[in-house]
Amino acid sequence: MLQRIGVLTSGGDSPGMNACIRAVVRKAVYHGLEVMGIKRGFNGFIEGDMVPLHLGSVADIIHRGGTILHTARSVQFLNPEGRARANENVKRFGIQGLVVIGGDGSFRGASIFNREYGLPVVGVPGTIDNDIPGTDQTIGFDTAVNTAVEAINKIRDTATSHERTFVIEVMGRNFGFIALAAGLAGGAETILIPERPFSYDEICERLMRGYRRGKLHSIIVVAEGAAGGLEVARKIKERTGFDTKVTILGHLQRGGTPTAADRILASCLGAKAVELLMAGETRKMVGIKAGKVVALDIEDALSQTRSIDLDMYSLAGILSI
Amino acid sequence: MLQRIGVLTSGGDSPGMNACIRAVVRKAVYHGLEVMGIKRGFNGFIEGDMVPLHLGSVADIIHRGGTILHTARSVQFLNPEGRARANENVKRFGIQGLVVIGGDGSFRGASIFNREYGLPVVGVPGTIDNDIPGTDQTIGFDTAVNTAVEAINKIRDTATSHERTFVIEVMGRNFGFIALAAGLAGGAETILIPERPFSYDEICERLMRGYRRGKLHSIIVVAEGAAGGLEVARKIKERTGFDTKVTILGHLQRGGTPTAADRILASCLGAKAVELLMAGETRKMVGIKAGKVVALDIEDALSQTRSIDLDMYSLAGILSI
Amino acid sequence: MLQRIGVLTSGGDSPGMNACIRAVVRKAVYHGLEVMGIKRGFNGFIEGDMVPLHLGSVADIIHRGGTILHTARSVQFLNPEGRARANENVKRFGIQGLVVIGGDGSFRGASIFNREYGLPVVGVPGTIDNDIPGTDQTIGFDTAVNTAVEAINKIRDTATSHERTFVIEVMGRNFGFIALAAGLAGGAETILIPERPFSYDEICERLMRGYRRGKLHSIIVVAEGAAGGLEVARKIKERTGFDTKVTILGHLQRGGTPTAADRILASCLGAKAVELLMAGETRKMVGIKAGKVVALDIEDALSQTRSIDLDMYSLAGILSI
Amino acid sequence: MLQRIGVLTSGGDSPGMNACIRAVVRKAVYHGLEVMGIKRGFNGFIEGDMVPLHLGSVADIIHRGGTILHTARSVQFLNPEGRARANENVKRFGIQGLVVIGGDGSFRGASIFNREYGLPVVGVPGTIDNDIPGTDQTIGFDTAVNTAVEAINKIRDTATSHERTFVIEVMGRNFGFIALAAGLAGGAETILIPERPFSYDEICERLMRGYRRGKLHSIIVVAEGAAGGLEVARKIKERTGFDTKVTILGHLQRGGTPTAADRILASCLGAKAVELLMAGETRKMVGIKAGKVVALDIEDALSQTRSIDLDMYSLAGILSI
């Protein structure tokens, strides 16, 4: 009979992680479970750095960015010794199930740990990058996109006023989810994503075509994995002579009050994770698919490939003519 | 061969209508069509108040609340004479298809007009209420929910500081979509929706239970269709003696810069509406179902019943213990 | 030699009170003092409800609305018995000076208490209403004005789209500071303040004049002390027949993250209050005058009359033609 | 008798420039004047690129960032030939007075032009940098500071969650106004400004002191004129080993909806500029000093030195212990 579970946040922080921690704790307490909050991701797991979380521990956090449990990327947990130490704490603290809020790397670690030591684990996808297979959306993505769109709005004021070309670099090493969503919503004239090859000739031609029609300013949103913002600006300047500036959004995208959608997603997924542990499930991740909360085997989910909607990419091109 | 279409916004305005108009115009122009923007909903249709919209007419509007075409609830279009006059304008202006951005009432009017005069019509669901069958989400809903959540955040500051109970009345005559989403995301202690009966005894008992545990403030979100905010506050004050205040959000929920999600939804649905007209379809509405853009017969769609997710309602109750 | 001071927030909460508490605590600790945080205004003073505040107690609060010390309007402190009980706590807790963050009523109470029992007191003007003589600006006013302006922006979207007249009621019982600043910054067509008589004839004539020039929507900002929003709307509707709606901002104006200006003002005034107590001053209030932090005798300050800038009022009329 | 004036925006754009243009136009029209809007700063003046502005031309712009007149830094106007061509346009368009919204360089250019050709000129200080002598605050500064503070808030979420040190570079080549205000309001642990020498030893010692007390994250705000953000981060990392990240706010600070304070300042200063021209004044700049709108001789004003409030700088250090 399940009595005590642990919860941790791992990898890059994302807005909505706190709403998720709150959901895990309150759902668990509602069903009579105890919850231990593990600090700094798997590091706290290894070091036994954890505290009991009560109803009141998660009051007034639903709207806060970041994570009250802190987070880290744990190198030690990649090693068998690290995991062995973690297992000592599992026994010492009487942890009978673990909710891991983070990205695919964290899920893999949790999965290995389960195979080695048998602790039931459930992953909740929390990352701004939206790059986790098995879910249509990750916790934090909606907020990050809105933050990027606000930045585009601000920069457009200056781009228009000075008749300049602006390159805005957003996050996304392997995927262009943020770039596409923010570029489409922000009305960016050009969007560069890792999934789709581009040429500077094409970009500059598009700029020149706009210029000849009287469009004297332009916003180019580029995912960091497609090209560096500085490089894009330099190339454009060289070829067109346009006054071209760069803004790299960087960590601004990680923070801030989560949007309503992220808080709701975080609440639903956090609660579902607890339900799965209570039902005796393990090595599952929760996600949202076609509008429904779902549970998948971590390994199955992560073996899927995540792909961007290229029709939407084409649409963005048509609408920003 | 389709050459010229019209677009209008009808009913209450919602954030994202402009993003949708932009998508209709740019998608249409991309395919070589001409677009007439019809003013003040069906009123402008009846009065022949319409202007050509070009690529530049919809520049710099994607982020603006309201609708550049203005909107109205047309009484005249309910009458055969009104529709007959509208048909005169269809001929006069050479309109061969019509995109109606608005609510179910507007779709019904458009559908009747099609049956009478044959003009192909496609509806795009634009309303903050999220109350249109045939789509999981309407344009403007996400923004309205975020606006309501921001309001809850602000009021919670005062509720906490003064140890008060606050009743926040949000829109939703027949459905509690805004109330549920905003209440869940805002961490409201109690949510009252039309879909679920409630008793003041139950509400007050919940408040008293919280009070005994030391919770000296409380937020109650009420959909206008469930009960009047003023009445709820009065009843609570009478029964508990708690200092209880009311805020009626009203029209604040309609305005504001649309969120990224609303701009993207508006862009996708607006483009799809044009595609449908180009494909010779009529009496269709577009929507988003299970994450996909879909097209349904207006009459089929509107005969469905829209229902709220009562599991989510229960979850909100559990998480705000 | 001063060793321990108390700090409390009193009256209506205002954004920036937490930034002020933080400044009082950190400035005091920097100079080797101890600080007691008194709960719920003078009520906690009377009941001995107070806690020591350290550097860490005020970490991460500069950006939060409301007040971590909670606030109340204390009826008991108006009575000699209440103040006598408070004095017991002064002795019991060893309080040697008191910072009162609140409005003029709170300052008067503190001043009386000083005359009766000798405890040095310094007032810091914290209220959104900006209605305290002796300072050009109060903590919270700038935030409240920005909140009201955002509301005007949102409502203008709907006003324009529906060609409606909107009446927005803002706070201000005796003064029109919020109404004037928000109306001028929001581009309101008409502003009604208690300081300046108005007639419905004049308002309606202005509306009609705009209407004849093609201005089909209009925003009227009214301070609650000038007239009730509902009444204004009813009168306008009766006389002009215009579709007129009302929004009462109410408590929305009190909450929210404080603006940069409010945080800076709160920090400077809070620190100054501690300096005054350290210098042996009493019955002073701090304020900002002509851009400088100043200290005035509470009674002198409160005997001054606060007046609104009627030139600015005229300017608002000219600019919103 | 004055009949027609021109208005232009020059130098870097700043939020509130549109509110100022609106005030110039409406105030002038109110007094029966005509207004020509000159495009792209002095470039449009030289090229004769100007359009009449009416009441309606400036409707619905008070809340928009950027400038509807566009702006530029004009190299040509530095040359006598450029100014001679501008004078041709003065005659051709019948301009009898000029309002220049921009920075000190723009005022100098206007002043020289007046000495050469006699056209009355009045400068209005519009720049986010707050670096113009003769005024306590420039149009756009308040908005830029609030933007920077919001960025600090977002980054603090990640700094706290990951226990990192963050360096945030803000604008300010010669002055630390934005850095100081944003750093104080954002609760930054360290602020680096050009006006005050610093050593990396001092910074790192402060960081280490915090670290030993348990403060595992830290925000350092640096004005671009004090040091490069990248360099600061590198030095800190070298000396302390702390995980240190950088965010360069850059052009994000220029854009966005102006705050209420910036709109009010812009409105008052724009109106005053028109009054001065009507009164036959020339080579004046308007400003706000000790809370009052003032007019100064451009050359007198610019010969003053602008200095930052070092007491406020010290206070920021005390409050962020």
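List of remarks:
We just call them A, B, C and D in the order they show up, numbering each chain from 1.
Just so it is clear, a residue touches a chain if its C-beta (ideal position, glycine included) is under 8 Å from a C-beta of that chain, and two chains touch if they have at least 3 such contacts.
Here the structure is a predicted model, which is why all the values come from computation and not from measurement.
Bringing chain A onto chain C by least-squares fit of CA atoms involves turning it by 180°, to the nearest 5.
Chain centre most remote from that of chain B: D (centre = mean of CA atoms). Between chain B and chain D, the centres computed from C-alpha atoms are 40 Å apart. Chain C and chain D have Cα centroids separated by 28 Å. Put simply, the C-alpha centre of chain A and that of chain D have 35 angstrom between them.
Counting partner chains per residue, chain C has residues 153, 160 touching two or more of them. Chains that are in contact with each other form these pairs: A-B, A-D, B-C, C-D. Those residues of chain B lying in contact with chain C across their complex are 9, 12-13, 15, 17, 40, 64-67, 70-72, 147, 151, 153-158, 160-163, 166, 245-248, 250-252, 254-256. Chain contact summary for the complex, chain C toward chain D: residues 22-23, 26-27, 29-30, 55, 60, 62-63, 136, 142, 145-146, 148-149, 153, 160, 181-182, 184-187, 257, 259-261, 263-264, 267-268, 271, 289-292, 312, 315-316, 318-321.
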